[in-house]
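Residue numbering begins at 1 within each chain, and the chains themselves are lettered A, B and C in the order written.
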Amino acid sequence: MLYREAGQFKTNYTSDQAVFPILQDRIGIFIILAIAFVVIPRTGNDFILNAVMIPFLIFALASIGLNLLTGYTGQLSLGTGAFMGVGAYACYKLTTIFPDVNIIIWIIASGFFSAATGVVFGLPAVRIKGFYLAIATLAAQFFLEWCFTRIPWIYNYNVSAAIEVPQRELFGIIVTGPRATAETRYYIVLAIVVAMTWIASNIVHGRIGRTWMAVRDMDIAAELMGIRLLPTKLLAFAVSSFYCGVSGAMMVFLWYGGAESTVFNINQSFTILFMIIIGGLGSLLGSFLGAALIYILPIILRFVPPEFGIPLHAATVEHITFMLVGALIVLFLIAEPAGLARLWQIGKQKLRVWPFPY
Amino acid sequence: MRAPGGPDVAVGDVLLAVENVSLSFGGVKAVSDVSFDIRKGEIRAIIGPNGAGKTSMLNVINGFYQPQQGRITFKGEAHSKMRPHEAAIGGIARTFQNVALFRGMTALDNIMAGRTLKMHSNFFWQMLRYGPAMREEVEHRQRVEEIIDFLKIQEIRRVPVGRLPYGLQKRVELGRALAMEPELLLLDEPMAGMNLEEKEDMSRFVLDANDYYGTTIALIEHDMGVVMDLSDRVVVLDHGIKIADGAPAEVKSNQAVIDAYLGVAH
Amino acid sequence: MGPLYQIFIDPFVQMGTAPDLFVQTLWEGMVGGMLYALIALGFVLIFKASGVFNFAQGIMVVFAALTLVGLYNVGVPAFLALGLTIAVMFGLAFAVERVVLRPLVNQPDIILFMATFGLTYFLIGAGEFVFGGDPKVMITEQLYLPKGAVTYKVLGGIISVQKLDVAAAVIASVMVAGLAVFFSKTRIGRALRAVADSHAAALSVGISLEQIWVTVWFAAGLVALVTGIFWGARSDVSFALDVIALKALPVLILGGLTSIPGAIVGGLIIGIGEKMWEFYWGPLIGGGTDAWFAYVIALVFLLFKPQGLFGEKIIERV
């Protein structure tokens, strides 16, 4: 009875084209944002913010990035980790060369460096498709990873090739570096992620989103509509890498506080890919759901079994995580290839007709 | 698009001319030295037994295949190599034998995709979904709704096309092609797989598109009844060669055409 | 010496003035390349028979090695362990086909490909869970594989060749030759080629797909085991995703996905290429270039000759 559109008539196309035309959905989004901005910082402790919420949001942003490229445009990429790394190292260089500029500006600007890299490594997409493109993106992944450790200028000639985040302030509040509080960092990450999600949503609901999906579904027919494949694919690579780059910069500056290049390796690429497969390819909500599931799973495994008296080694937790994630991937691809997002939609459908079964 | 109640379109000058086109794949000659023209405002049928090269011919006109010989003259301009993008900008739209809809999208989005060439708002406004971007969405949505009304597919607007029955998918595909406001519409077996009722509906839509929108139509079709009823002129291909060209009644009684269909060796 | 000289002239000068080093590097490259080729071979076999690109094939190699060592470490005699391992690999291939590949048979290829990623991660987790994550030592002595090196004084210098590597080269060559003969001359081999072309057509002439798949899994399992033994003997047995599973991909691009000789040639080219590149040009740019050389070569091939050196040309029909 709760979730019904009855009585909600749209009298013009503008309101019909809205992203959330149903009132209950709009209320739902409002509630979620209220929880995120108000409730969680008040009630959560540092651990919840540092180990759960901040990384969840960062991974969700990277997932959105990859989803735009792979889920919406159909270009399979295994270079996500490297593109995140480009953002992180770009931000590092920018802020060490220009320490007086607002760090938020540099975090966003680093996205442009990632985007440029994405466009360069996306050029092969003009000729290569599907699983062959995935292999081509491996060249990007391994080459860029190599750059992160073998080009000393990138890590300011640090002996260990690792980078440490310098302290930066915003309006007098410390936002990066070891003395920045979890709450401060959380608000910044939340604000950036919410804003960029809103932008991503606008893009995919409009002409560009349709163009991307057309290229994904049937590029031959898309060409017929006058859609030019190369600019469309390159735009997808650019926007996607931008999102991954910002995510990477936030990962280093607002979460870890430092990095070695192994953070942005092939495993990171696979992790994000698994997040969007399970969450739902071609769905922004799915990006969030997938990031939540895959990121929270090992945390649950680490803390829940001991409550029941089954202690698990850290290594065992990792092994079991791999097994569970792998199994979930196979399971979802067999049973529900559209992922958690589709399950959510089905749930809403049932809610629409509740208490009737159909 | 024409205002409703406009006059029947008078058949006019040559809109597209195929001149001595030959196309081969590897060793196989799909089309050999074929020439014919399509006049503005007419409905031109391209028929022939299976494997005659009809779809290949459409693909050449579209720009998917580049012929080894010959050229296409469209709106007075000769192209020895047409690209799909150029064809689209020039005003050629097309439907496919095996329904090439975008399966991940709803019927409405598929048809809106047909409006892509006419939408120009830049990336900045797209990011905000405001101002020029939103105005464009609404304006083109209105146009698309006219097509949806025309094709009577209002109820299935928001249904993902993968879930639609075959007949409705073909209609959506036609809608998507019409959304491009094409001057020349290429239909590849639009009635394939349909029952009598669906064929009658589709025939009505094809005729109305020609009358109401003034669109020139070239269609490949196997159903002789449809061809006779709908088309102004017919061109017949067999084994890649043109064997007849003229009004439906002429072509129907042409011995070479009858032989080709009966499989008489020649 | 200017940079142009350093890039275009000097490496060749080095090759000429120290030919023993050149041959040594060449040999090391060949051995590495041969192992890549064997991994790629497993992929090609499965792909030819079922049309599925099973990304997890690389992990099968590790799994085979782990099982062998694991069985031996709990007391099973070496050669019995060998036989049991083949049985386990066979069972694993069977399980993978039933549980993962068969339910996805009508899905687009890219979905299947991604499912094999998931499978790979599952096997990594399961393998580490069952056998423990620490590196293990391959039981080379117990299998009567030779140890130690032989040095030759040649070309004005010294070349050192591991006897194990020679044994690996010999056994691998015999295996490949055997497979090549099997597939071109025997009835089952011909049937496999028919199946690779078209399942439906093969079925209609009475070829039993089950029989083909059984044969292929056995062959792929055997290849995985041999590869696992030699690879594990050269470096410890542990999961290193990038090296094992992923390096085979550029090899397949070079050689073509459906060609057995292609896998060999591709493997050798990649193996020799990356060693040479790293040894002679690597120092100019900081070293460690073997991490990406193979993939960049694959990228070049994908842009200009996507079917590889031996594969079939891909024509897209509308």
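Keep in mind that, in the parts below, a residue touches a chain if its C-beta (ideal position, glycine included) is under 8 Å from a C-beta of that chain, and two chains touch if they have at least 3 such contacts.
What you are looking at is a predicted structure, and each value in this text was computed from that prediction instead of being measured.
By Cα centroids, which chain is closest to the centre of the whole protein?
So the chain sitting closest to the middle is A.
Going by the contact definition above, tell me which chain pair has the most C-beta pairs touching.
Greatest number of C-beta pairs in contact occurs for A-C.
Roughly how far is chain B from chain C, going centre to centre by Cα mean, in whole Å?
49
How many Å are there between the centre of chain A and the centre of chain C, using C-alpha atoms for each centre?
Distance between chain centres: 34 Å.
Per the centroid of Cα atoms for each chain, what is the distance between chain A and chain B, given in Å?
41
By the touch rule stated above, which residues of chain C touch at least two different other chains?
318
Which chain B residues reach two or more other chains?
64, 96
In chain A, what residues contact two or more other chains?
If we look for residues of chain A contacting two or more partner chains, we find 220.
For the complex, give me every residue of chain B touching chain A.
Interface residues on chain B, with respect to chain A: 62, 64, 84-85, 87-89, 93-94, 96, 100-105, 109, 112-114, 116-117, 119, 121, 123, 126-129, 133-134, 136-138, 141-142, 145, 176, 180.
Looking at the complex, which residues from chain C come into contact with chain A?
53, 99-100, 103-104, 107, 109-111, 113-115, 117-126, 128-129, 133, 241-242, 246, 249-250, 253, 285-289, 291-292, 295-296, 298-299, 302-303, 306, 318
Under the definition above, what is the set of chain A residues touching chain B in their complex?
12-14, 16-17, 19, 199, 201-203, 205-208, 210-211, 213-214, 216-218, 220-228, 235, 282
Quick one: in the complex, what on chain A touches chain C?
Result: residues 76, 124, 127-128, 130-132, 134-136, 138-139, 141-143, 145-146, 149-151, 220, 265-267, 270, 273-274, 277, 315-316, 318-330, 333-334, 337 of chain A touch chain C.
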